[in-house]
């Protein structure tokens, strides 16, 4: 599906490194899973390449639920990237 | 050792059945362990025979520490008999 | 480390605050409160009395705490157990364990409760519509304490 | 069942009292308080800030509590987690679980804490003499949560 807009959120160390807490994105054609979205963001280079690198330990949530790389994306989704959690 | 006096304590259901909370006893010759003392008390008959019967679940402490039947007794010991505990 | 046997009720928050005061090494506090229920073995309970063996009670709970300190890193521990007459919803027992890390705190707190249930000389007598009766010890409590022997 | 994320401190005794009020089925209350320590990974900590993901935080902790209720007989459960700026000896998190029996209360309380540590979206940034740094997740926390998968 093309023409799908999603909201991207970044937290904690990621938010600081990227200098961004939130953005709206029109999903490019072919970006239909979390994993592909991550690779797409890494392609922005600089801090993006570093933080989104496959070797980097990163967690992601789709619509506020922890999700794996093969999670499908659709219009209106809220997608969040963040480091492993450290609460409690 | 003969001529040894010990203090006997009874708690909870045992205290009520026997109608006794505490007594001083001159240990008879041959009564040198908890187990033999229990048999000696059972020989008093009546409620004693019932409560001290080998089949009866009973706990004992010597000098305020849980003890097994083969625990030796000596002059001045505080020996307590009671049902399994139910606190907490 | 502290053990108190008393008729009076206890104030959990005050006890935890006193334990924490001035010890910045404490990172985890596990606590347990036992409460009188209004039903036991299927019968309504209106009241109970708790009898104990003064002297041995404090000594045996002290020994239980020492065992816990030998197994886990315990910064502080407190046990308060009430005796006398209690009614449903009254508090019976408080165990508080303070550690640097939560795994130690949870384990030591549960260990102390499990051993207290099977080794500390307390006896409950409860009043039900059928009259007063001494509460029977539970096999499940022996099993709970047995889990820690390994 | 209740989940609260707040900057304000919490009053453990008041929370436990509110939970117990009017529920005579409660026989066992296990609770856990997490506290800011003055040292982490060998460095002195003077301050920390806790960031979270509003919305997902409440949702994920609610899901953790639901899992606990599916495994044990839980009469009531409460999680309060603070966010914002905290200093050593400040309280961070409170978990209270009320059950009829103590085994359920201990297990559910520890389960909730272990999952909260690995699944709820909170992040700590601490200030040490070397400057501010994001706290790294611990492998030991993943292992603690992993114990419950069986």
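As written, the chain order gives the labels A, B, C and D, with residue 1 at the start of each chain.
Note that contacts are C-beta pairs under 8 Å (C-beta built on N, C-alpha and C of every residue); 3 or more make two chains touch, one makes a residue touch a chain.
These numbers were taken from a predicted model, which means no experiment stands behind them.
Enquirer: Work out the mean Cα position per chain and let me know which chain is farthest from chain C.
Expert: Here the answer is chain A, farthest from chain C.
Enquirer: Measuring from the mean C-alpha position of chain B to the mean C-alpha position of chain D, what distance in angstrom results?
Expert: So the centroids are 49 Å from each other.
Enquirer: Please tell me the distance, in whole Å, between the geometric centres of chain B and chain C computed from their C-alpha atoms.
Expert: Taking the mean C-alpha position of each chain, the two centres sit 27 Å apart.
Enquirer: Please compute the C-alpha centroid of chain C, do the same for chain D, then give the distance between them in whole Å.
Expert: Measuring from centre to centre gives 23 Å for this pair.
Enquirer: In chain C, which residues are in touch with two or more of the other chains?
Expert: 34, 102, 113
Enquirer: Quick check on chain A: which residues sit in contact with 2+ other chains?
Expert: 88
Enquirer: Pairs of chains that touch, anyone?
Expert: All chain pairs meeting the touch criterion are A-D, B-C, C-D.
Enquirer: Write out the stretch or stretches of chain C touching chain D in their complex.
Expert: Against chain D, chain C makes touches at 11-14, 16, 20, 24-39, 88-89, 100, 102-103, 105-106, 109-110, 113, 144.
Enquirer: Can you name the residues of chain C that touch chain B in the complex?
Expert: 34, 50-53, 55-56, 59-60, 81, 92-93, 113, 116-125, 134-138
Enquirer: Across the complex, what residues on chain A touch chain D?
Expert: It comes out as residues 9, 11-13, 57, 61, 64-66, 80, 82-88.
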